[in-house]
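You will see chain A twice below: alongside chain B first, and alongside chain C after that.
Showing the complex of A and B:
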């Protein structure tokens, strides 16, 4: 591994590019921080006395629980499908991604509907055995399990790519050195995949910390629910923004600590998966593997989607009108163009990190991907306020026709970019890390310039990561609510907007139809992803 | 070809259509399925188009504020008085002088300063399990705090504005100290952690997890329409003449004309029509609410629940005292 690399490009140019991307995120950050100009000491003192102690504990428990939950589910399934062979492996390989398309709050509502005291399970138990008391599902335990089931695909998808390219090789190397298979997994393959696992867990954690919908369904109070309480119930947007900046600072610290703890290590690809054989599971271990994958898929997808279908069926004739085609099309156009924008920007940002030798670069990258840590509606306002301000400025100078920004798709797509850059950047950056410097050197020695190196060497090697990033972003935008609600032009209602319309007055059964449509639209990129993945990894 | 279509639609969306004189723009926190039928009917009768966008109240108000004098919105529509009061307090609405609105809407259901107007009435009342409670056991909201309901009460979360408005009205009627004791009593009586919505709380009552709950009547109507055999019934509390808090707590779904409306006259005409005999049934019945206009009879499903005496304090108090109510519920441990 070369210690010093020759400068082939002006590093300052890369830094400037990364700064420009980060500047987009700094806009809502600045609006949020500006709230400190309006001190809310008395209100915050009230929250600190009566609300914060419990919900800080709640938030920490939730974060820890979900990190462990998505880690265990995601890594185990990724290992099984990427490296092992067991009955149903090919099916589970793609099917385990499907829960990605199901919004967590929808899963939460179905879980409560089925498992709460008045739900069918407990009612049937009572009918059969008299008074039976099951543990309360609307609880810390229930919310952790629900979010783990909803968010494990982030870890699964990213870790599977890592295992598929290096897992079996690592294991073989470990075994040739006399390690057992088990020790090989825990001491070699797992540590080697750490950047990818961490990237997935971090996405799940940011999503969890900023989540409002699922928390509302479970009535579980976290830091983010307090932010919304300050805004919607106590009518103080400044107090909400101040609390939000504390949350974002916390996430930033978390990201930096994780980054530091592995800063000394270098990760690179160790070989081609195509040349290695899968570990063939048999007997009890094969049954266990299929059973585990099947159980996760059943709980996280088959049961909730069946329930949604049962709810949607009776209202199909009434609600499924010609407008649905429009909602569907709007969702696809927004998610598709948003995903393209996010992935392209992610490549630029990741590349800037690789090429620039500026010591500030990791910080710039961390800031640029902070949008995912914002509670959605706070980010939406943080973006909308400056846009409206700019619009007003233009209108004052050039007349009413100049006010074209707000209510245009450009603002909407930029807002998606700010929100979801982390989702695209995670897979792209960790994919880029797997391309060793020696490959760069080889390409350079063959006379490749930076541009041809990117186009002919890196992008093909990154293909799996790019498709992963695009899929995650696409599905996330499909499910996104607050930004879509606030920035959509008149008439641009999407499937997520339909879900909002139905759920905000508690009509969950009627929300099943648009929720199902989101799932169906989300399956399309999962299929594309699988087709690509199979070609890439065999 | 498809790339062309995409580009075209992007360009099209880039340029917002200009507001025309025969058009009213509405920012609505009331759901699309509850307002679109009305706006369609209005367009059919008058030829005036109504363009609208839906979102939660908080973001809609933040949006109005950010857009300031260049907002496209003429009307702000919400589903509770608290948010309308807040919008008026932040200077987002304008006073409207309209004899028609004054005649159609009872005084306690509109702003004393004429900045907002109730368009439908939502009663928050007691629903109980017929097999486990005799109506004679029930009396008032306050009584649900008494020890006889220990382990028998279910409530929706305190985060919902309907409960905040109820507690705000209780503060107005009973004073802060007494209200806090009552809310603490409610919390002590809970059989299960607070629910995310009224329907779940009623399902719990029906299943026997608890015996009574507090809900808006249209949730009861919707649930019974779907599951008519549930052992649930409505009770109207605080009906006795000597009740400290007189009458059932009512809230409104309502609207105001924005301060920077481009078509204020058109906005007022729309509100006047919405409060008229022509529109009131459509407005209220689509969601099993009560018409605000006393000359209009409610839907027959709604009428079957019986008539009741409502609390006549101006709903403006619910907005004014909302933050006080939220803090009180925090202190009482009502989540």
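Showing the complex of A and C:
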């Protein structure tokens, strides 16, 4: 019998709490959009004439290029590993996720360092053949290829799940109706997986829009780099805010498409992983499959990591000094406190969803976890402005000594919280779902009060989810660049900041050491992901 | 004394009444059952007794102590009422022994009680297993042992066997009855499966539309259903058109039936129309006996082989249909005409609506 709960709408404390968390997402959006309430004609005219056309064109080209790039790489590899059998498939199945550990900006500076005019490849070519002219690597094409190699795992991961649950069955059904395998793939399997593929591509595009580090390395002007310049070089908050608000428009379009795809996924899901026979590739097609997967893995992970190690090793002795450990410590402290904040807020938001009887709660939760879509540069601006305003208010009331917020970690931690709440909320919420209502009721009927229920049922059952949430958030914050760069208080340089500073001076060797530390940390979530995947697919 | 007494309990969600005016008494040591189709309110009643749902009118008492009244309820954790959940709700992070010990607050005697219950449900070998390592039937028994461990005043069971396959269901329900007897537990079970109810319960309340239609022993529910719903829901049977001859006799097309008790028609405030009152008479499959010597014949319209017997669907001369259970060596073809006679002890008749 369904346990229909009373559906009377009564605002409650849990709802108020969830609304407060959701407000953290809405405030930066509102603040940046409010920049248009006081349009500065001169500024706008300047932006519109000299900056915007190029930014918009760059962004659109980049978006289109990366969408095609991650789509082709991600879908092809997902199909091969999910449905086909070829030499090395088991290895590639998980190894192709490894590039997730490599932030795009790290891949970016390795690519530049390797292929630039003064890099080893061109130098070697010149030594061997005299003056040769390779296409300019710091180009639109270069950025698109780099980001596609860095971001394809989003599409690969999600499309692989789709193909694994329905791909082979769909193909067999199509074949039984007289279609060739090839027609079956294009007419049935691919269209069926469309919502999944779209969701993956949208995630990759959100990362593209949010990316700052890669754009900076490639000198490719997009909104994030323009916001950064307006912030640091022009010291113009309004310009930064107005650029941010345009970027938000792009982002919201992505969000709408992504959420729609997810809704379609819910209806399109056909349940269990099918245990059908894989398509055994042989001969040339097997070689092609292994070769393609191997090439992607080599370019996206093996070459860059090897190059990082080659750069880092010779200078290990001199660079592993007190300053390096300072960056390391700052990264740990910030990622640690950010992860704690995110997990604590995730727990509150998840319990609010469980305990509240408000019908609007799922929507509030959705808004509260939308921050993952917003570029760090936007959040930095959108949260800095209100905090600075609050600071000035305090100074007016209580004197200069009261203005402590701006120079503190508040803005940075708030921005981390908004951006990474979804990362922590996912595991916590699904962990909480496993504590069914009847498990709670059982503990009550056995005489346990709220306190002992939390201590003896909820905490032990949630422990693994909390650890997963904290780890994922920790690593994401460690990799994070624009928020840290723009809002860190004086003296709070982290590994990511060090990577940015060294790469902007073209010192690849010195950027390699902190980058390696970030990559090693980044492998942990890949391992978590792989373990989950193995469990889900037997 | 741990009688469970519900006195005109009502509960509704918005405009929809889930239980209305529910009253019954479950005496100490008795196994009761609320039986009804899904959505009849039986689970809500159970959860109200457990203390998970408030009530809007009436009172719930256990052993004379007030548990719930409108606007107030004793918290579930203070009631000492055990519950076995439909999905068992075992704690996945605890072993079998730890699950059973979960409700034992005091360390004194805890180990002994856990051992006792493990023996009672036959799971000594699995004391240190985790729930996911057990079969469905074993999980069910852990849930039962866990609920019984603190010696609850009443044990509630919500569709306890619905997640098990049919064969296991029958065996386990007998086992559970045995276990409840040995622990002398007052128990209330909720189910939609009448075989389960018959196997387990001393008293059964048939529920429909949030009301108890009849609170009675299984035997009387089957043989003396109080109304059409109970007659239809419990057991198999058909209603045949009939005419009241006098207080103890009803005529149907197969002859005149002599009841030992006054026909229900008269009991339902229809005094004026006792004679010639038009009624529907309940005829169970075991009321019609196959007899080749009988002058009454009916045509076999359908048959279902049940092993020891056939369940024949018979077409009577008037076109009405009736069921008959016949020993299975009487194998008749569909369309064949066979002799039948009536063997009716109690005449159950309902006024024609």
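Here is the rule we use: the second predicted complex is superposed on the first by the 308 of 538 C-alpha atoms of A that agree within 3 Å, B and C clash if a C-alpha of one lies under 4 Å from a C-alpha of the other, contacts with A are read in each partner's own complex, and residues count from 1 in each chain.
Just so we're on the same page, a contact is a pair of C-beta atoms (placed from the backbone, for glycine too) under 8 Å apart; a residue touches a chain by one contact, two chains touch by 3 or more.
Values in this document were obtained by computation on a predicted structure and should not be read as measured data.
Chemist: For A:408, is the partner it touches chain B (first), chain C (second), both, or none of the two (neither)?
Modeler: first
Chemist: Examine A:325 and indicate which partner it touches, taking first as chain B and second as chain C; both and neither are also allowed.
Modeler: It touches nothing on chain B or chain C.
Chemist: I want to verify the contact counts: of chain B and chain C, which reaches more residues of chain A?
Modeler: Ranking chain B and chain C by residues of chain A touched puts B first.
Chemist: Determine, under the contact definition given at the top, whether A:186 touches first (chain B), second (chain C), both, or neither.
Modeler: neither
Chemist: In the superposed arrangement, which partner chain does A:457 touch: chain B (first), chain C (second), both, or neither?
Modeler: second
Chemist: Have a look at where A:434 lands relative to chain B and chain C in the superposition and call it first, second, both or neither.
Modeler: A:434 contacts chain C only, not chain B.
Chemist: First (chain B), second (chain C), both or neither: which does A:443 touch?
Modeler: A:443 sits against chain C, while chain B stays out of touch.
Chemist: Just to be sure I follow: which residues of chain A are touched by chain B in one complex and then by chain C in the other one?
Modeler: Common interface on chain A, chain B vs chain C: nothing in common.
Chemist: What residues of chain A sit close enough to touch chain B in their complex?
Modeler: That would be residues 46-47, 50-51, 112, 116-118, 122-123, 136, 138-139, 216-219, 221, 225, 228-229, 231-235, 237, 333, 337, 377, 380-381, 384-385, 387-389, 391-392, 395, 400-401, 403-404, 406-410, 482, 485-486, 488-493, 497, 500-502, 504-507 of chain A.
Chemist: Would you pull the chain C residues touching chain A in the complex into a rising list?
Modeler: Against chain A, the touching part of chain C is residues 13-14, 38-39, 42-44, 47, 50-52, 75-83, 85-87, 89-93, 102-103, 105, 146-147, 150, 152.
Chemist: Under the touch definition given earlier, write down the residues of chain B that touch chain A in their complex.
Modeler: Per the touch definition, chain B meets chain A at residues 6, 9-10, 13-18, 31-34, 51-59, 62-63, 66-70, 72, 79, 86, 157, 159, 161, 164, 192-200, 203-204, 206-207, 209, 219, 222, 287, 322-323, 326-327, 330-331, 335.
Chemist: In their shared complex, at which residues does chain A touch chain C?
Modeler: The contact residues of chain A facing chain C are 1, 3-8, 434, 436, 438-439, 441-449, 456-457, 460-461.
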